[in-house]
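The following blocks contain the structures, represented as structure tokens.
Each of the next two complexes has subunit A plus one more chain, namely subunit B in the first and subunit C in the second.
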Partner chain A sequence: MTPLTRRQLLKFGLGAAGAAALAGCGTPGLTSVNAAATIPPASPSSPVTLTYWAWLKDLQKVADIWNAKNPHIQVRTVWIPAGAQGGYPKMYSALAAGGGPDLAQIELRTIPEFLLVNGLVDLSRYGAAEHAATFDPTLWKQVSFTGGVYGIPQDSGPMATFYQTEIFERVGASPPTTWSAWAEVAAELRKQKIYIDVFPFSDASVFTAYATQAGATWLTPTEDGWVINMRDDATMSTARFFDAALDKDLVSTAFEAYSPAWFAAAGNGTIASLTDASWADALIEGISGGKGKWRVAPMPRWEHGGFGSSVRGGSTTAVLANCRHPKEALEFAAWLNGSQEGINGLIEHCGIGWSANPKFIGTSRMEPSPFFSGQNYNQEVFVPASTEQNPDWSWWPVTQQSLNILADQFRRKPGGQSLVDGVVKAEEQIMSVFQNKGLSIRKEEA
Partner chain B sequence: MTAPASDQTRTRGRRTGEQRAPWILLAPFLLVFLFTFILPILAAVGSSFMQVTRSGLFGEQGVTQEFAWFHNYALALGDGSFITSIGRMFLFGIVQVPIMIIAATILAFLLESASARWPGLFRAAFFLPYGVPGVIATILWTFLYVPGLSPIIDVASWMGIDIDFLGPSTVLWSIANIVTWSYTGYNMLIIIAQLKSIPGELYEAAHVDGASPFRIARSIQVPLIAPALMLTTVFSIIGTLQLFAEPQVLQSVSPAIDSQYTPNLSAYTTAFAYNDYNVAAAQAVLIALVAFILSFAFLRLTNRKDQ
Partner chain C sequence: MTSTSVTNSEAKADTQTASAPAKRAKGSGASSKIIVTAILVVVALYFLVPVYWVVVASTKTTADLFSTNGFWFAPTFALWDNISAVLTYDGGIYIRWFLNSILYAVVGSALATYLAAAGGYALAKYRFKGNNTVFGIVLGGVLVPGTATALPLFLLFSQLGLANTYWSVLIPSLVSPFGLFLCRIYADATVPDALMEAARLDGAGEIRIFHQVGLRILTPALVTVFLFQLVGIWNNYFLPLVMLSDAKLYPITLGLNNWLSQVNRLPEFYQLTTGGVLLSVIPLAIAMIVLQRFWRGGLTEGSVK
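Entry: the complex of A and B
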């Protein structure tokens, strides 16, 4: 046998490396870590360090409370940009490259998107069930798919109406309890050149929350694939209602909530109220001169049924697929989001949204608020709101793209296309997105 | 008899050594080039022809990958936002590239003219923005674009002019301004290098003939720097299609920039927000093809004019 020359060796080497590289460059995320054997917990004598990517500020301070008590499980937090603004792309590319952190902040609505790329560890294989009772069942359902549990709920955003008492009194209105009363108050306010609220075309999650309250369930996971229904009565009547509100110029579309222009308008009293999630309180407190002017009332109801409140936002602590210590990561996530210590820490340092543990809303939230006219609004309004949620709502694997599609349709409203038509067109587009991803989807038969 | 034989081996040894030396010296470059350039391109082209089919709700009951021919290309081309983004870059390029190249040429002529003062200082000053990374440059400009922060908007409003740098119809030109600011100095330097290679005798002859500076520029300098102008234009056309950092950073202050504002943003969103790596690969290949066609068309056009 002739010995190999150096050049031949080099050729073989390069060829093999090239083939390996090409094989590795297939579409990422096709294999699931949940099909492999579970990883046993590390022995207490060998401490593990977990990395946690999140966009909560000062999260390390909360992690340090845990670190002090658990020398064998140390958590190191890394700040990343908020989800769709760069955090998720960062996680997806890290996962595609076979890396990434052990734990990550992932919004409830994004959990199914990570499932699509096999990005999450099924925590039910590491004993998540024993923590289920700690958390809000509606939220727990939103992290549970196909028999697995893919994240520990961190917070949510039950909705209510924040309003300026003085402006409402000026038109002799009390906070509307129904959406038709809301429209009447809005019409009265318009006579004073005041808008009751804004309606964003570019963020469809607000419309989605209104439709959720009315009782819509757009996508349902079933045994034989996804079932879509965006043309149900709940969604269509919500769309018709806001079509009418927009046609009568009852809501402003000139700017979105929390934009500099909105803060100015809310400060000078040309925006009277805001129907949004519990976490809006911290933002409203940023309105200059707003102290003592605002109160919180329950969200208006739909006459034809639906629920007392809705939800916008909400995150989880999820364990990413390349985590080497899922058992330890689960323990930390359950402590962080379920224990009194963790929840208080998250509220104090990170300004977290509504607690995912229905038995403990956080010590500081049990007190009356000087900013909100001395009202104990968390106990009075948000505790009931958190229980009056649509329990059937489920997010789906292309949520972000679907909301973008919906927003693109809504942007045509000023050009004359109704929201109703926009939703109908969006449903078709969302169906084709599912199909293009090779997922099975069908329309719900009426 | 032995002497010539050993002589021959030595020559052969030297010759193979001579043949091998360039490859050994090139190897570090070639390896990096292969692994970070050629292989990723091949992987992207390969990926653009693949399609993933999932069974179950998320693919938990099995995922198959199959060859899909031009399915992903059809999806990319059927995506109105992606096509719009390419059209937007056409508009951008038609306006911004000529402005930048003309500005670079004028700056180069001024600095290379006999009456220029401190050309070294100004050359460095004009080139300096190129040293600022695109992201940082955009953040710097953001301070001049955002209402409430921008002194320009303040001054304009005192005079009763309402400027919105970030609106749907203006933000593209705000980006063009950043790009022009960043790259004019770089292009100027390439043109200066070419100007410096014009032999002094040509200028002398022109002076003897009594040519004005304008005549010298028109009849000597412009024709002789034509290759540099072509090079900078082709680079700029390619750069325009690859616009990414500036709109990505401005996105946070301008709602007019959607997630598919430029072709590269579109591919990025498709890959890392929508998790559709195959369609994203097809988009990337399409962007490269468009850049290739445009550069080629430009070269053909200018060559024909020469003839």
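Entry: the complex of A and C
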């Protein structure tokens, strides 16, 4: 693969124009490290030490497994606050100062934002291709941009439906396999003053996940800029479906999932189910008196097509621009996220969401779960779910801001504006955010 | 959460100072007194309720935290378990953070107070060229929020090789433009020129006059400056966030936020965070209770003159 030239970067819209605005300060230089010569691997006789910033807890314990076996590549982890809570500003300022760690945890959806400030090393120049087969192709797609690879997938969150068996039985329902069946079950449950699920106005990533499942791809990077399409059939029918569900009061909007009120409602049985990512299992296990009441089923499908599941959340191990040993960093990242030892360690010590290696979900996740009624839900539900993903989805440089814009529009739903109108308006606003950052964007021609 | 306890005692102080004139204006009737008291009660509740919530929440298990009433105790009392979990997690890292916070806050605010006193005293008591210009520039510094200077400071400190050390948080905490401003006003009003003249006649040097006469008269203002700076450093988040990348150097604010980052995957961190917050409130509460007498004096004393 050829390295990205500056010209290509500009075409792609990852030029310097938006860089300063994003970093909020000077950037490490207008030229990308990926245009410079590659750094040769260190000789085995001189050991290297890599620093790794991440907000996974106890990550050092996993790194120590690697350190014991690789005396010439030692990894030292630093526990930083989560990305949006301070981790990313910290990384941006370190990059601007010409320093920063060799490796860092960056969410899948934030990778393009770091590309905008030339913050990441293109790992394809250091042989990332040989690891591609280890990782889930959908996740690999989300770290690959115009021929480069900008991170090693660390975890993800394939989605399914967690439900309370007893409550579903009370209305004679089995877990719905389609969204229209889901709406029928929801209507039955409403007669008993139970909500089937919540719909958060303030977190648009849930709606985004549903639209992704329906087959939407909102933004696509092309050689001459970004192409946006949020008015496609998949997104519009998803919006119409939830407009109807909200109008009929089928879902609760009084609180969000995992809020104290939600835990209380799930505990006393006024919330019957939750469609969310695999990592929700640990949270559901925190519902008091929930043991043995919950099971997991595949999430409902859209009748008109789309995919069997969707995804919410997910991180990568990325190599930051000022890394002095990218080759060694890549080796470690591939081991950490791809090997059985690494994945087991990440699950045991750090509680990662879902293994990025489709061939190994982690030893502890192959066992039946006493909490979930003895169901072997990871093998039964999430393994298939992880293979039924929308492979075309890709994140963009202003993801978080776009989700906020969408959430602001959704908040007008109680005031009478439909979700459909909200999405259409959000698309216009997101386009102007791109333009204000000097990124080229156009609407997809129908 | 820590800021709540601060403003809380502030509100208490307000209650007492505000009720005094209300008593004096007897003619204006009971209605205004009731309104003022009602407003103050609402304000006090606003600041007290979150503290109360933290106290209650820190006695609960993670499961009870969400399934029982947030404002009353759960049947199982887990306060001691929670606190021991906070203190032992990750080899007692919380204690380390706690000591770091005390170091940053106490050393930082003590030195900052001394520097502010010296600067304010000099600007108030000595006439020299550019006196007002210097004061104007310092006053401008009051308007620049600390967060805005964190990034430039980080770039500077990384070039000096001081980023990620105790110094990188301590040194920027040593300056307090507001403290200098307060000390100048206060010294202007309270340190009599005649007294300084008398000391000079007795043969005392200027440094000695400042330490033995100036500082004593300035004490109420110094306590105010010290408390403001203490609270400011204790609650500072962005500067240590940017500067420090070694968890052993973190202050409590940063450490607690690391814990809070875990809750969306690992709910047991709710209890660690709540317990940690409760413990982190204690030193500030003590500082307020011990020093609030002086603080009130400091804020109002100048107004009588």
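What we mean here is this: the second predicted complex is superposed on the first by the 417 of 446 C-alpha atoms of A that agree within 3 Å, B and C clash if a C-alpha of one lies under 4 Å from a C-alpha of the other, contacts with A are read in each partner's own complex, and residues count from 1 in each chain.
Quick note on the criterion: a residue touches a chain if its C-beta (ideal position, glycine included) is under 8 Å from a C-beta of that chain, and two chains touch if they have at least 3 such contacts.
The structure presented is a predicted model; accordingly, all values stated were derived computationally and were not measured.
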*Please work out whether A:Pro89 is in contact with subunit B alone, subunit C alone, both, or neither, and reply first, second, both or neither.*
both
*For A:Pro112, is the partner it touches subunit B (first), subunit C (second), both, or none of the two (neither)?*
first
*So, A:Gly438: does it touch subunit B (first), subunit C (second), both, or neither?*
first
*Once the shared chain is lined up, is A:Ala129 touching subunit B (first), subunit C (second), both, or neither of them?*
neither
*asked:* A:Ser32 in the overlay: touching subunit B, subunit C, both, or neither? Say first, second, both or neither.
replied: first
*Answer with first, second, both or neither: which of subunit B and subunit C does A:Trp79 touch in the superposed model?*
second
*In the superposed arrangement, does A:Pro260 touch subunit B (first), subunit C (second), both or neither?*
both
*asked:* Just checking: does A:Ser202 make contact with subunit B only, subunit C only, both, or neither of them? Give me first, second, both or neither.
replied: first
*Once the complexes are superposed, what residues of subunit A are shared between the subunit B interface and the subunit C interface?*
25-26, 85, 89, 93, 96, 260
_Touch list for subunit A against partner subunit B, complex_ = 14, 17-18, 21-22, 25-32, 34, 84-85, 88-89, 92-93, 96, 112-113, 115-118, 145-146, 202, 221, 225-226, 256, 260, 397-398, 400-401, 404, 408, 433, 436-440
*subunit C residues touching subunit A - in the complex, by the definition given at the top*: 62-67, 70, 90, 151-152, 154-155, 158-159, 163, 237-238, 241-242, 245-247, 254, 257-258, 260-262, 264-267
*Quick one: which bits of subunit B touch subunit A in the complex? Just the residue numbers, please.*
34-35, 39-40, 42-43, 46-47, 50-60, 63, 65, 75, 81, 147-148, 252, 255, 258-259, 268, 271-279
*Under the touch definition given earlier, write down the residues of subunit A that touch subunit C in their complex.*
24-26, 51, 53, 55, 57-58, 78-82, 85-87, 89-90, 93-94, 96-99, 101, 258, 260, 262-264, 267-268, 279, 282-283, 285-289, 351-353
